[in-house]
Amino acid sequence: MEISNSQRAQVLIEALPYIQRYEGKIVVVKYGGNAMINEELKKAVMSDLVLLHMVGINVVLVHGGGPEINDMLDKLGKESKFVNGLRYTDEETIDVVQMVLAGKVNKSLVKHLSELGGNALGLCGLDNNMLVAKKLSSEEDLGFVGEITKVNEKIISDSIESGYIPVISTIAVGENGEVYNINADLAAAQIAAKLHAVKLLMMTDIRGLLRDVSDESTIINDVKVSDVPRLKSSGIIKGGMIPKIDCCVEAVRRGVECANIIDGRVPHSILIEMLTDEGFGTMFH
Amino acid sequence: MEISNSQRAQVLIEALPYIQRYEGKIVVVKYGGNAMINEELKKAVMSDLVLLHMVGINVVLVHGGGPEINDMLDKLGKESKFVNGLRYTDEETIDVVQMVLAGKVNKSLVKHLSELGGNALGLCGLDNNMLVAKKLSSEEDLGFVGEITKVNEKIISDSIESGYIPVISTIAVGENGEVYNINADLAAAQIAAKLHAVKLLMMTDIRGLLRDVSDESTIINDVKVSDVPRLKSSGIIKGGMIPKIDCCVEAVRRGVECANIIDGRVPHSILIEMLTDEGFGTMFH
Amino acid sequence: MEISNSQRAQVLIEALPYIQRYEGKIVVVKYGGNAMINEELKKAVMSDLVLLHMVGINVVLVHGGGPEINDMLDKLGKESKFVNGLRYTDEETIDVVQMVLAGKVNKSLVKHLSELGGNALGLCGLDNNMLVAKKLSSEEDLGFVGEITKVNEKIISDSIESGYIPVISTIAVGENGEVYNINADLAAAQIAAKLHAVKLLMMTDIRGLLRDVSDESTIINDVKVSDVPRLKSSGIIKGGMIPKIDCCVEAVRRGVECANIIDGRVPHSILIEMLTDEGFGTMFH
Amino acid sequence: MEISNSQRAQVLIEALPYIQRYEGKIVVVKYGGNAMINEELKKAVMSDLVLLHMVGINVVLVHGGGPEINDMLDKLGKESKFVNGLRYTDEETIDVVQMVLAGKVNKSLVKHLSELGGNALGLCGLDNNMLVAKKLSSEEDLGFVGEITKVNEKIISDSIESGYIPVISTIAVGENGEVYNINADLAAAQIAAKLHAVKLLMMTDIRGLLRDVSDESTIINDVKVSDVPRLKSSGIIKGGMIPKIDCCVEAVRRGVECANIIDGRVPHSILIEMLTDEGFGTMFH
Amino acid sequence: MEISNSQRAQVLIEALPYIQRYEGKIVVVKYGGNAMINEELKKAVMSDLVLLHMVGINVVLVHGGGPEINDMLDKLGKESKFVNGLRYTDEETIDVVQMVLAGKVNKSLVKHLSELGGNALGLCGLDNNMLVAKKLSSEEDLGFVGEITKVNEKIISDSIESGYIPVISTIAVGENGEVYNINADLAAAQIAAKLHAVKLLMMTDIRGLLRDVSDESTIINDVKVSDVPRLKSSGIIKGGMIPKIDCCVEAVRRGVECANIIDGRVPHSILIEMLTDEGFGTMFH
Amino acid sequence: MEISNSQRAQVLIEALPYIQRYEGKIVVVKYGGNAMINEELKKAVMSDLVLLHMVGINVVLVHGGGPEINDMLDKLGKESKFVNGLRYTDEETIDVVQMVLAGKVNKSLVKHLSELGGNALGLCGLDNNMLVAKKLSSEEDLGFVGEITKVNEKIISDSIESGYIPVISTIAVGENGEVYNINADLAAAQIAAKLHAVKLLMMTDIRGLLRDVSDESTIINDVKVSDVPRLKSSGIIKGGMIPKIDCCVEAVRRGVECANIIDGRVPHSILIEMLTDEGFGTMFH
């Protein structure tokens, strides 16, 4: 079905107040899941980011890359050892993680954004000591899995000021020069907080927070972070969504105006959330 | 009929390359005719301008105001004398022209843009001696009808740089301090040229240049200024459209990349011309 | 009688400490009364402003225009209804007020300043929503007479920074887009306060505050705002001068260093007050 | 043997005129060979670069990484096919090249510089489309081996202006989004030319250009590029040094003031060449 | 005789077009002669300079100091040897010249200007190698009397930009570090040329160029530099005024708009020349 | 004994962390004593300052000049009267002080620095009223010996920002325009405090603070200012070193990070203190 010219204009005009609200502000997008694997979805995300940047919103892209890491470890015949569901990361593995994230995934995203006319710049936590970390404390040793102790945001701010979209791989440097793998959701939340971002968008593979997981119409659009404990105890927030929502809560608690969980399986969900009256997924504020 | 989210995204993404092309560039819009009289059309134009400004395009609005002038002269019981279809403009009339254009029409447009969130600033040719003119040379005396001898564009550039949409009434100052009424189409073309605008949009009450005036499907979308003489001699360009097209040609000849005649009777024709694949009216380049 | 070269030099040198004191500071001049009607006085005021601007003082001109409004209403055969001495302002009247102030008076002053080499820019409260107002609360309905609720001074500051003399008509915009007529004295005081002006000059048609109104030699040159209540109760401040002096007090209370009532009937009274040892009129501080 | 305080001072003072000469200028260092494999040499190079940057010289580091690429291909069990001594680079190989250069080598160098207090930023040709290439024309197909068609230096200049040491991997993007492997020597020469660098330092594993290859004392310190053809025909420039010297000539021809071949096997050869009276290797100018 | 307020205003207003003409431009004043010896005249000159600076004119003061040098040499019992009327300047003498000019005269002028509210900064040709000179070639050896070979104007421009009045002693540095005494008239002309000054004011002890030296009413106000040879051959320009006029001609030939000889014996002659309709002395252009 | 290339590199690399620490910071050097009299030492100091400036450290030089003043007074046959070891400074003497310090010593240092490639600018307390003083209160009248009441540091900061090394003579201006001679040590401490310098270097003619004055190996490298009273009462700080150390304490108390007494008799002691691991003299912090 055709879109009429009048509808085109309506959509563009509808975007106006949102552009006004976000202009010159920083929005951090955590990119991962299906939206990163499916080529069509990936292209939609990249287009969305370039458009947002073009209308004056300072987009920062933080990405993961689990599947590509697995793939490379497989090719290298590297067997994986798991501890409580988390991969034990030895020195050889962290080398592969760095190489795949900062060399393959990151620079390919940068290339994709550039092809669409975006000015993108690929960074990782090693650039100018951007992300400093220590070994993640856990019961069993996980090797080079780290938690961020400091975000040196200057290189990100400089990139934004010079007009680039920073694309960030979440590896970090330890105090003895060792490299750590960092959970990308957590890193995105901490980066958003340090940059005083106005919004954190978490791309996931779910529709949002549902009262009844089997019925997408029961989506909760709006959650105060103070209500999260109650939603956890009532079992509405549960399982795999807990860590992601905890990241949202963390970001909001540290000053980000709102954090959204949006469905990465729907093309252009970022644009719809950011620039239309529709909204999308669940917003924590 | 509803617009789906996917269509919304499609429209926004389609706008991307156009935003990229025009970002940071100057576009001069000559506003007049039906689009200025009809309240709904007026609101659509104002929204379009605010949106274009918001996404980074430096919009300059040049307006006429014939009907409002007539209206005020009527109220004042001032009889009009016409010379070859042009109004003879005596001292009392030029006073009314200044007052209506720079006080009523201009500041009301500014108010309208401001209400929609645009940062608008109302100027006329008297501000900082922006438009300097001499008496229009014509066979019969037309009184205070002038032709521009100099555009001092500094005040317009300063306004753009400070982030405003300049809204311009086309009265000018003579070398002895007298005020002249200036044809707004001509003024828009000269202002566009002096500002090195990338585009001049002439709002008219016709669909564009038609091969067969009775059939809108015969519209010519694209005209090289070098073809204009041929189109005149073949009778395709004729009558009332000649002066408007001459303004377009003049602007292009003096360095404006392209000048478009667009149909002010269609809501959001500016937006459709600027930000969609559709295009609109006839482009001279 | 000739002025000798040595006297010329003496006058210029005498101006030095005053220029030093006011350089880079903002001075708001409320312009009205005889100084606005008499052509010679008007020219003297315009010259004074251009000179002050030239030596580095940031002049802001706020003007009224009652006589011109009356004149136009007369021409339009519009009968006036008065309420407690204030004109009832219906919709048709506010239209005329806007047109005359922002189109005729304002832009003619701008033209005058420009002719003398000043860089002037005509603004009104509608430009970038500079003056926001609500209906003036009064016992009887006065129509579109307003009181300022907010001064958005950015457009004035931007004009000053770009090197212009802002000339301001005191109409304002209401929250529903309606236009209000604002008392120019009050507006000048509020603008001066918001701009952190160092001085407010109120041009009036009296010599200053006199102990004995029949004897100009009894002028009081210097009044602390804390003494104003006493001067009112003793009958020295009375009648038509009360609202003007209240504006001076208001400005000083809100941070303007001093506010002066100066005699607009004397040519160059601004210059004499600002740049000579003489002083002029009555200063409130 | 101890260095006395007076000797320390002497060395520092001797550096003064060199710092004066190069301050605020751009120096491009092509890094490779032994200096990149040996950990001690690597640390010396990194220290040299941080010091040069610290005293105000804008250092740009361009690196290769052949051995690491070979190593990874080996680990992946990828067999290599050679054409005239050049590796045929299929799609899988170019993926590995990108990953190893931009992810492993580049970011590890950045980490090293950062540990020493340098502000380093890792870039590759994909960032903001910095290096654009086409397939290298050769008799036999070499796959994704490219030659640069355009250097978009803006991202390098921006990095320098923001105070960073740009570290550059020489992969490039083709017009259809394909990635090419680029010879780092050639890339360094072209980047130096585009940046108007004052100096190009080529780190090699030889002492310099020798008249008698078996006698290091016959080193030629200074060569005019116009003498290179004669030195080639006389057999002094020959074999493996030809392409490196051709890069030096190319850089000088395109405006770089001088290009030096320096011995990467000697610790701190960069510092000695740049900041002491000694000089080092062979300079082409 | 009293100056009336209206006369005060007249004088100030009369200054307006001159301020407009010179605002932001550089005016070099060569200060010497009676105006430097007589305390009252000195104070008048200092006030004039501060006023000109205050109204936005970039004043540069170049001074001599012959009498003070003589005075100090006397005190030191240093006998002077003259060669063709020029003092032979041995090493001991040049030391005294430097000390008296740059330490006593210069800094005392700076103090005087500062006391009057001017922001003054004392420089000599040794500061940042501002004036470079070689030994003046003459038939008989004059010792350390030099002629300027290069004016490094950066330190003067920097001072102007930072808002200071540069006060300059005309000693210069030779290529072997020796110091030279430079004729202040010549230095002023060369500095004015290098700074692209709009005007050079030469303070002298004569009324100007007179047709009849015994009759001040025969002053020639205006001379084209092309007429100077004729005026020399006709004997109107003669004797001691030749070198001063040659400096004026030199300055004009090298791009200074006009050079004036003004009478330093008349208080405020600078102000009268610069800011009144009167003009003063003789202008070369 | 030759320095090897590897030693050269070692020295330069060793300087790195010190350059990093001081880059962009202000270091005030009080220059006097033997280092000022001996030509070789003077040249070493000048080189050190130029080098420090070149690597990005903002050096400010404050100098005395007692011997040159004595020398000139002698030549003038001016007998000196002493009061408690301090010279009584009459009007004639203060004139000589100004002339010798600001004209001879200051400008000769500036020339020396410029010859070595430094951008130096000679200032004294009279420039832009930099140092304001009152008569030093003492039991017996000392004439024009003053103590600083205000440091107007703007002219120093402006010089630093424009890229110059300010060289400062410590004469000051009194409130009636009289000139005062100021102790250079005290002035240096107060200037360092006002400029928020990171370090004050006091050049003296002793090795540092010694536990046993006859044994240089008993030097105390590091003193907390809170320990100074104890060191005084224990007799380790005594005699002529008391006022110098009091200046150090004063500077540190008012915010300077550390103040060092260094031995001006050793060539390049500044460089060794600032840029090597050696350190030198005694540091107060």
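A, B, C, D, E and F label the chains in the order they appear, each numbered from 1.
As a working rule, a residue touches a chain if its C-beta (ideal position, glycine included) is under 8 Å from a C-beta of that chain, and two chains touch if they have at least 3 such contacts.
Everything quoted here is computed from the prediction, not taken from an experiment.
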Hopping along touching chains only, can you work out the least number of steps from subunit A to subunit E? 3
In terms of CA centroid distance, which chain is the most far removed from subunit E? A
Rounded to the nearest whole Å, what is the centre-to-centre distance of subunit A and subunit C, using the mean of the C-alpha atoms as each centre? 56
Averaging over Cα atoms per chain, report the distance between subunit A and subunit D in Å. 35
So, what's the distance in Å between the C-alpha centres of subunit D and subunit C? 69
Among the residues of subunit F, which are close enough to touch at least two other chains? none
Beginning the circuit at subunit B and going via subunit C, which chains come one after another? B, C, E, F, D, A
Subunit D contacts subunit A in the complex at 72, 75-76, 95, 98-104, 106-108, 110-111, 114-115, 119-124, 126-129, 155, 158, 161-162, 164, 171, 173, 177, 179
Help me check something: in the complex, which residues belonging to subunit D touch subunit F? 1, 3, 5-17, 19-20, 23, 44, 47-48, 50-51, 54-56, 116-117, 266-268, 271-272, 275-276, 278
